[in-house]
Structure formats: structure tokens, C-alpha cells
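Okay, so chain A shows up in both of these, paired with chain B first and chain C after.
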Partner chain A sequence: MMQMARRFGGLAGMLAVIAFFAINLPETFLTPRNLLNISQQVSMLTVVAATMTVVMVMGDFDLSVGSMASLAGVVAAMLFTRDFSIGAALAASLAVGLAGGLFNGLMVSVVGILPFVATLATLTVFSGLAFLVSDGRTIFGRDIPEAFGAFARGGPVLGSVDERALVLPNLTLVAAVVVLLVWLVLEQTSYGRRLYAIGGNRDAARLAGLPVVGLRLSAFAFTGLGAALAGLMYASRVASANPTQGDGLMLTAIAAVFLGMTLTRDGQPRVLATLAGVVVLGVLDNGLTQMRVDSYVREVLVGAIILFAVGLSALGRRGLRRG
Partner chain B sequence: MGRALKRHHGETDAMTIRTAITALATTAGLAAPALAQEVAVITPYLAQPGTQFYVDGFTARADELGWEVNVIDTAGDVAAVISRMEDVVTQGVDAVVINVDPAQIGAGLQTAADAGIPVVGMDAGSDPLVAANVTSNGYAMAAETAVYVASRIGGEGNVVMFTFDPFPPVQVRGVIADAVFGNFPDIEVIDRITPDVADGGIADSRAQMEALLAANPEPGSIAAVWAAWDQPALGALQAIEAAGRADEGIVITGIDANPQAREAIAAGGNFEASVAQDFEGIGRTAADTVQRLLDGEEIVQKVIYVPANLITAANAAAAE
Partner chain C sequence: MHRLTLDQVSRRFGEVAALDGVDLTLVSGEVHALMGENGAGKSTLIRTLAGLDRPDTGRLALDGTPLPAGNPAAMRAAGLRFIHQELHAVRGLSVAENMHLDHPYPRRAGLVDWRALNRAAAAALARLGLTGIDVRAPMTALGPGDQMLVRIASTLIPDAAPGARPAWLYVMDEPTAALTSGESERLFAVIGELVGQGAGILYVSHRMPEVLRLAHRVSVLRDGRNVSSRPLAETGEARIIEEMTGRDLGALFPPRPAARPAGEVVLRVADLAAGPLRGASLELRAGEILGLAGVAGSGRGALLRALIGALPWEAGSAELAGRPLGRGPARAWAEGLAYVPRERRTEGLMLRRPIAENVALPYLARLARLGLFLDHRRQRRLADELGGRVRLKAASVAQACEELSGGNQQKVLFARALAGGPRVLLLDEPTRGVDIGARAELYRLIRGLADTGLAVLMASSDLPELLGLSDRIAVLRDGRLAETVPAEGLTEAALLARFYHDDGAVT
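Take a look at the complex of A and B:
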């Protein structure tokens, strides 16, 4: 019984959330336009959470992703102000993400600092760098190339509803590609299986001859790169960059992974489960806003739902162990 | 009923019919709330005191007009403002009021424009897709205090400026103060400080001012402190008093006239002047502006200024 609750409780809860909004917002919630809106609204969170899954698979996590997203945004924007091409600015900013991620990996795996401490420190470092690079300013307006801001507003046209074009947002496509890539890496390669092995038992993985240090180091590169990409997506969406704008992504991304873990049989992070977690969080924001729920009540509710889902899953796991 | 009409006849028809019915109801001496308008107020900055006053003024006026108001705070997240705008457009509100730089939420403004839903800014900034922005004239406010400083110190002496260029409404204040002080050949701006505002700005401003006082020990070596808002002015006041240099006649001015600043000004110390924006007035005027748009008026002047008042010891206690 507990096993059933554990296995399908999370899924049932998620479907219940969707059904709840579908019933309460019959005319607007399950419309193609609203679903596409949600997909775009969660696109940045999806990228951060998907790449966060890579390190959480090993039992690690990365607190610096939010400030890395901010840093990547201002790096690109500052390069725009210096007349770099969009391609060069994006490449440089992704390179910053990769370097930051590898640095995190170095601190965690080679130096051996706890991920909580190491990435808390780099959170501060990246945030400080973002302020340094941008001089504390919001970079916006003519400094941002038209095409960069237009990217987040555009996408392939799917059709037309109520004489308004229905667009598959570019940001949604980017997020989908990232989820696909992370899924391939984690689920379809021996690299991914080794990360899961480290998550299962690090000592056993080492004794089995896995290059644990190198694997942990390289895995952090994904979160750095993903955070930088999300920062660029955020900057494109708001056609501007300021040194704090990505900060909120970190906690929500970790929450999404935990929420996703309630869906998997063994309670391990899986990227598709993470995606489900992201969608639930996005749906809650979208639906509760449409139902005119006070934004502070909305925050309390979202937190409570995370606790409820993860709590249920923890109880289920305990039941499993006893049984 | 209004929304049912909207679905069948489109936004414009529904609006006209609704306006007509509202007019009928009014002439018949009936209250209008049966056709309550729905307005969403979206801001990332609700935690800031000024924003709360805007929203209070707005909701007070909206109550009088019989609207349903949904206030949405995204807690600093600007991209979430776009998301919530998309949501309320989907929900089918009659108007959206924003309190965020429109340059950063172009996607949300476009969504509202495509759906024919008017957007009014509450101290937000100008944009072709914002029907009107209601605000104080930041240039005029900064001119009030900068000119106060310049004339108070007789057009000569060293001035310390506290500015915050990342936030556009505060940035324009700095520009004017630069121009005013630059126009006096004997006024020298010895430092233009951007304080760390993470804790509200008082503590870091105090620390920075303490360093400056230590670097300029001669009495009279600092004639005035011009701050683009009140917190740095309060921090500077604390530093000057703590350094025992309150009797040197250093003139301090702030902008916004928050309660703490009013108290300091009323006490008659170094903190001599500030400017009070009429936040509630901005909120009320924003509501009136929404009403004008819902009545079908095309607003030509896209920026609507609500006057601000210079606060000195003479009126600090009286005003509010």
C-alpha cells in the first residue's frame, strides 16, 4: 500500500493539480496558448533544473547556478555594449559558465570541499563578479541587440487562434533540446550510469575502479553551462541584464529536482521526472495567478505542496524499508 | 456577463457595450459594480515602501470605482512579471497596471497589446506599448534638492553625492544633480558614491561617509551631502554625528521624504531637506488613467506627472 503511495502518489498529485486548474479555469487553462505560455515561462527553470539533475544524481548539488545565470547574462550584455557580435558574446558567456562549473567541480572533487560550502562560496564569488562586470547596472535598451531580445519573443508559428498567431516559443525549443541532451547523457551513456553509481555509493564506485574525482569534476560543468544558458535565456526574455536577475532560479531548480524525485521508483533524480517537477511548479504559478490567488499565498502554497509531495514520498520510502 | 460578451464579440465590442451599460446604470442612479472591471497590478517591488503606497492609493481609488483588483508581486523577478502578464491576459482582465521598467518586459507588453488589453505604468517608465505612465518628475525633484544645496552653501564648497545608476528612476536624479553642481564653478563634487543597497542603503552609506570624513578631516572640507534618496542621507547623517562633526554646518538632502527622513529633518539637524513624492496620488491617478482608457479615451500625453513637494524643517512635521 505504502509502495503504491510512494510509486504513484507523486504522479497522482501532479495530475490532481492539473485537473484542479482544468476544472476551475475551464476556458483558459488547457488552451494551446496557455500551455505554450507555461512552456515558455518555465523554460529557464527547466534548463537549470535539468542540468542540476546531473550533479544531484551523484548526491551533490550546486548552489551557485542562480548567480552564474546572472553573471552569464551581464557578461553577454557587457560584450554587446562593446560591439561584440551576438555569437561571440554568447560563446564567451557560455565559456564563463563552463569555467565556473569546472571550478565548482575542482573545489568539490579534487580539493574535497562539501558541495554546500564550495558552491555557497562560488555563489558569492559569481554574484560579486556579476556586480563587478556590470558595475551594478542594469544593461538595457539600445545596448542590447534587437535580434537578441527578439529571439525570446519569436518562434515557429503553429497556427492562429482568435486571429492571434500561436507561436512555439524559441525558449521552449531550447529547453526541450537541453532536456533531451541531459536525458541522453544520463540515461543512454555509460558516463551517466557511472554518475548514478557514484550517487548510489561513492566508496563502492571508487573501489570498483570508477574515476570518481574526474567524473564529479566533469558533472559540475553541466550545471555551470546550463546556468549560463539559462542566464542568456533570461536576458533575452527581459531584453536586459542585471547582476541579480537569475538569482531566484537556484532554489526553485533544486525544489523541482526534489519534486521530480518523488516520481521515480527508486527516489533517484531522473531528468524527465525533474521536468515534471518543473512543469508542476510552472502550472501552479500560472493557474494560481489566473485564479487571482494572492501572490504571497501562492508562495506559501507552492512551498507547502513541495513539502507535502516530498513528505509523502519520504513516508513511503520508510514504509518500504520496514516492509 | 462582460466576459461572455467579450468572447462572442471581441474586446472592442464588449468594451463599448459595457461602457454603454455602465453609463445607463449610472444615469438610472444604479451602482455599477454588477459589471466590475478586473484590473491586475503586477510588480516585482511590492516589498519596497514606496510601491506599497502606490498600490494602496491605487486600490483605494479602485474600490471607489468598484473594480476587482488583483495585486501580484513577483519578489524581484522581472521575467516572472512577463509570465504573470501572460497569465492575466489569458485570464482576460480589463487592464494591467505595472510597476517595473517596461524595457525589460517587452514580451509581456506585446502579449497585452495583441489581446487589446491596455497597460498603465505606475512610476514604470515610458514605452510605445504603455498607454500612459503615471509618475513624479524625477528631474524636477532632483533639481529641487540640488538647487537647495547649491544655494544653501552659497555656490561653493565640496559636495558628496550618493547615487544609484542601476535603477533608472534614481539615475535621472543623479544626472540633474550633476548638471546643477557642474553649473557652479566653485562647487566640486569630491565623490559620487553608489552605496550597497542590500540592507536598505543606510549602513553602507554610513560606512562610506565615515571613510570620506576621515579622509577630509578639516572642518568645512565637506560642505554638503546630496543623496538621490533618503537612506544614504540618513547614513551620512549618522556618520557626521558619530564623528562629532554635526556643528560644521554640513548640509544634507535626500529625496522621497520617508518617515525617518521627515523625523530627522524636523529635528533640525544637518539633514535639512527632502522631496516627497505623492505615492498615493500616483496610485490614484493611475486608477483614474485606467478609467479614462476603459472609457475609450486616447491618452496623448503618455507621461502623467503628479507633483512632488519639498520638505524642510518648516513643513516636515506638518506634512503627513
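Take a look at the complex of A and C:
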């Protein structure tokens, strides 16, 4: 009974949020255009949160994703200013993400630094590097190739409403592909199940012959790569790059995973639950903005809702254990 | 002079009677040893005395005045103190501060009076003759033995709570388990000091030599019943063992197979040095159960951990079926070793994950299609099949392990060990914390596996288990396998004597 309440309570709360906005914003909220708009707004967060889930299933987390996203964005933009091709710049920037993730993994699993400490340190390092690479400037305008910015604005046309084309944004598609990939890796491959095993009991996994060090290392590489991809998506969307633009992603991504964990039966991080968490946060942000709620008030509200949901879930689990 | 009495205390957990009408009297100035096999009810009795567990029926009284059951504060106020083998030292705090964890800090003008704090701590240590310990040093700078002595001394600091009796009865649960022999000697001296000052001790241990040396009175628990309480002069080692093990061991252990030709050597270990091991050598044959025996810390479990690759090797070699054994858990499992760890909750199971995932843990690569995608159906089938083989009782293999009894959790680990068709089974305390019924099933399972040609290496601290199940018993002393003897016809006393053979602790 308690378990049902815990599991579906979260879901009901999410539906309540959506219903609230649908009622208060009857004209604009539940329209196809707005929903597609939300899907694009949350696409970067989706990518970061989905790849964050990969390390969180092991009981680890990565605080450096936000500054890695910023760094990846400015690396690509700086290469654009040196007349590199789009392909080369993207590849280099993703390579930076992979390398940063591997470095995090190295610190956490080989050297044995707590993830909190290791990734807090690399957060600062990546952030500093982003300023160094960009000289502290925002790179925009003619330096950014037309096609790079156009990617985020484009997408397959779904139809038209009010004589304006309804476009499924490319960024939404990218996010969907990433979620699908992470889902496949975590839920359907033995690699993913091993990551869950490490989260379940690291010592047992090691004694059962799992290469725990290598697995943790590789999982952090995933997260670094996801952060870099999100940074590129962000840069494409605003057709510019500055050394702080990804910074807000980290806290929201971790919040989305935690929100998602309140939905799963066993309280484990799962990527589809993370997606639900992302959607809730995205809907809240979109709806509150439309209702012209002050942005500082919005932050207070979002934080309170996260505390409420995760707190409720923790209380529910405690009740479960007593029972 | 105080007297704590337990009168007809009973406590059931489901079908199992942990305590069954126990009468016990503990008095000042006496060391009262409590002995019994694992599962005899010792820990439930301790928890009852600590007020952590409430008996179903029965009474506790101090000097004739009834004590409320299940109330830790009341037991503390009655003057009881508990010394556990696991120490809970707070890192970063000094010895004096650790000694004041459950006392108010002395204060002056609202601030901590450090000089009074250190003085009180030093005074308490001095009462036990422990003048060599610096109370300002960090607690973690002390060895486990000194930490335990500090814990004991901290109980001598006067309690500020009104109406509280000073500590007079110390319950010590396997206090020497983590101590060196030198540290143990200092503990014994402190126990003598305490008893001389009028304290009573309930000394819970299965270490016969210690009990014979320290105790004034010995009580034996078996299957939750207090079988006897006698002055030491009226009992002795043989009698105590007989009272501890009085059950029909023949029914618990499956019969050994009739004499048959010895199997070929499957595992050969030579001069292994790792952890406490200093040049251990052994040969293990197909179809035999080799018990590993020795005092705690002798390297019983370390040998298994070294073989499975969880403990780094300093020297030595091992061959499995004539080929050098690979290092590291992954290689060891792949080459045909399987391991059931000692701590099933921390080292064995993913408690919140389903049974199927726990069974399949070492074989995920083999269960994948195209070497990549996990075949969930095959994983479930594997768990179903192995669960049947080990007679696992569970609603389904989708059930989380934390919902299973200790015995069934252990069977999940056996299912995992068997799923890969191993040649050698490494068992570390295979029936620890498992009730007697499930234990008998596990014994039958292990013997059945040996009969099919599996070689079993079993480390255990449970003497009846070693004697009843093993074909041969290897005794570890000083990091070596000192001798290997047939288990048939060996008595507990004879086996125990071999543990201490060199230092003459047992005659």
C-alpha cells in the first residue's frame, strides 16, 4: 500500500503539475507548438541527465558536467574561428568530453578519490579551461558557421498550424536518440547490468569477478561525452558560445535523476524515469515562465518541489522498511 | 554486591525459539562465562540484557526489583555496560573525548573544560592500571586492544544521570576476537582488576582456553535453553563441549561416502604468501571436502580470498587442473573456481536486486546475445534451474534478496557459485547465521556436490561443522597449513588442541 502510494504518488504529482498549467494557461500550454517547444528547451538537459544516470546507477555522480558542456561549446566555437570544418570542430569537442570523462573516471576508480571531491575539482578545472580557451569572450555572429546555428532551428516538418509550419526540432531528435541509446546500454546489455550490480553492492561485484575499476572508468567517459554533446547542442541553439553557458545544467540534471528515482519501484535510477524527471522540470519552467512568475521565485519553487518529491519518497521507503 | 536475575526468559522469531525459558543469575565479583554454538541464543540474550530486544515472556530483576524489558536506558541505569568486539571509535576525536561520548563533557563558563575532561579520562584509565595511554592522542592512534581497554575504562567515569547506579556488570561479547595475544593479556589483567573492585562480568566466548582461565562460573546455551550453570570447578572442557553440542550430529550431517579411490588433484597451492598467510601449501582432490580450521586471524578466510583473487599475492603459486591459476576474480571464476564469501550481506549479495540478477552476476557476458545484449529470459531460466538445485524457497526469482531468510540468501550465493559449473568450490563460513534446518540442507547440498566430483575447500570457525562435514581438516597456524588430518573420529577438543599446538595454550 505504502509502496503504491510512493510509486504512483510521484506520477500523480507530475500529472497534477501538467493539469494545473493546462487549466491556468488554456490558450497556450497544451498546444502542439508549445509541447514541441518544451521538448527543445529540455533537450540539452535530457542528454546530460540521461548520461548522468549512467554513473548514478553505480552510486556515483559527476558534478563536472555543466562546466564540461561550457568547455565543449567554446572549444568548437574557437575551432570555427580558426576555419576548421564543422565536422572536425564537433569531433574535437566531443573528444574533449570523452577525455574529460575518462579523466574523472581515472580519478574516481583508479586513484580512488570520492566522486564528489574528484568531480568538484574537475568542475573547476574544466571551467578554468573554458575561460582560457575562449579568452573569457562570447564567440558569436560571423564566427559561428551558418549551418551550425541552423541545425538547432531546423527539423522535420510535421504539419502546420495557423499557417505556420510545425517543426519537430532536430535537438529533440538528438535527445531522443541519446535516451534510446542509454536505455539500450543500461537495460539491455550485460555492460549496463554490471553497472547496476556495482551500485547494488560493489564488494560483491568485485568478488564475483566483475572488472569494477574498468567499468566505473568507462561509465564516467559516457557522462563526459554526454556533457560535451549537450554543450554543442546549446551552442547550436543560441548560435554562440561563452565559457559559462552550460553551468546551470549540472544541478538540474542531478535533480532530474533524483526525481526519476522516486518513480521506480526499487528506488533505482533508470533512464526512462530520469526522462520523466526532466519533463517535469521542463514543464514547470515553461509553465511558470508563461504565467510570468518571477525567475527567482521559479527557482525557489523548483527547489521546493524537488525536496518535497524526494523527501516523500524517502519517508515512504522508511515506512516500507519498518513494515 | 548486586545480583541480576533472568527468570524464564523466552523469545521466538517466527518458528525458531531463540531463547526458551532461560534462567540466569549474574552477581558482583564473578566472571560468568556464557558458551554456546552459533545460533544457540547468545546474541539474543545479550540483546535482551542491553534492552535492545524485548522477551516474549519472562522477567528481569536487579536485586529483586523488576526491570522494564526492552528499555536500553533502564538497563544502563541498572549499571550494565556492553563491550563489543567491533569498536565504534570516533575518528578525529581524542581518547579523552571518545571516553566522554556517552557522558556530558565537563564545562566551565559554558565552554568545554579541556583540563577537567582529560583529568577525568586519565583518572578512569588509572583505575585499571592503564597509565601508558595518552588521553590527548587521537583514538585511532591506538590499536584495537587499547581501544577496547579505553572503552572499558570509559565506563568508570561517573555517570551524571540522577539515580543511575555506577557500572557494575560488564557484558563482553567475543572481546578477544580482534586482539593479539599480548593485547588479550592486558584485557585479562583489566578484567581481574574490575572483578577485584567488585564488578561482575558476563564473558561470552567460544574460546575454551580463555573461559577455563578466567571464568568462575560457566553457563551453556543450546538451542535457546540454558543447559547448565555450574561453577568452573564442577565442570571442564569435555563436559562443556558435550553440553554445547549435545544434539545428534549424525542427523545434521550427511554420511561420508564409503571409502573410494582418491580423486585426482584438482587444486595445488604452493608456498602462498598473502595477507596473514606465510607460505601455505595444500592439495585438494576431486570429490573431497577439505576443511580449513584455525583460530580467528589464522588465515582460513584469507586463503580463500587469495585464491579467488581478492587478496594480493606476495609469493607462491597455484595450479588448477595442472594449469597455473589466473590472478584476479574474473580469471578465477572463468577458470573454474567459485566462491561463497563470508559476509553474504556486504560481500555477496546485491540485497535490493532480484534473485535472478544475483545468481547471474559472474556470468553476464555469457548470457549476452551477440556478446552485447543481455538475454533476460535466459538469466531467469538460469536462476530458476539453479534455484531448484539448491532448494531455494522464494516466491519467484524476481524477488529481492533482502526479503529472503538468511538460509535462503545463502542458497542464492550457492546457486551463483554453481551456475558456471565450477571445478572447485571455495566456501567461507558457509552456514554462518543460518538456522539449523537450512543448515542441514546446505550440508546435504555440499556433500552431494562433492559426490559428483566437485572439490570443496571450506573455511569455518564452527567446530562441529568442520568435524561433521569435512573429509580432511587442514589446521592453519602462523600463516601455514601446519597439518592435515582426517576428520573421521576426531573430537572437538583434539581439533582445538591442534589450533594451539605450538604455543601450548591447550593441554
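Note that in this section the second predicted complex is superposed on the first by the 323 of 323 C-alpha atoms of A that agree within 3 Å, B and C clash if a C-alpha of one lies under 4 Å from a C-alpha of the other, contacts with A are read in each partner's own complex, and residues count from 1 in each chain.
Rule of thumb we're sticking to: a residue touches a chain if its C-beta (ideal position, glycine included) is under 8 Å from a C-beta of that chain, and two chains touch if they have at least 3 such contacts.
What you see is a predicted model; the values in this text were computed from it and never measured.
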Touching partner for A:164 - first (chain B), second (chain C), both, neither: first
Touched partner set for A:193, first chain B, second chain C, both or neither: second
First, second, both or neither for A:228, with chain B first and chain C second: neither
Superposition-derived comparison: chain B or chain C, residues of chain A touched: B
Which of chain B and chain C A:242 touches, first, second, both or neither: first
Touching partner for A:266 - first (chain B), second (chain C), both, neither: second
First (chain B), second (chain C), both or neither touched by A:203: second
Intersection of the chain A residues that touch chain B with those that touch chain C: none
Residue numbers on chain B that touch chain A, as the complex places them: 7, 46, 68, 70-80, 82-84, 86-88, 90-92, 101, 103-107, 110, 114-115, 165-168, 194
Of all residues in chain C, those that touch chain A in their complex: 308, 310, 328-334, 339, 341, 346-353, 357, 361-362, 364-365, 367-368, 372-374, 400, 416
Touching residues on chain A, where the partner in the complex is chain B: 25, 27-28, 31, 33-34, 37, 40-41, 44, 134, 136-138, 140-141, 149, 152-153, 164, 234, 237-240, 242, 244-245, 247-248, 285-286, 289-290, 292, 294-296, 299
Of all residues in chain A, those that touch chain C in their complex: 184, 188-194, 196-197, 200-201, 203-211, 266-268
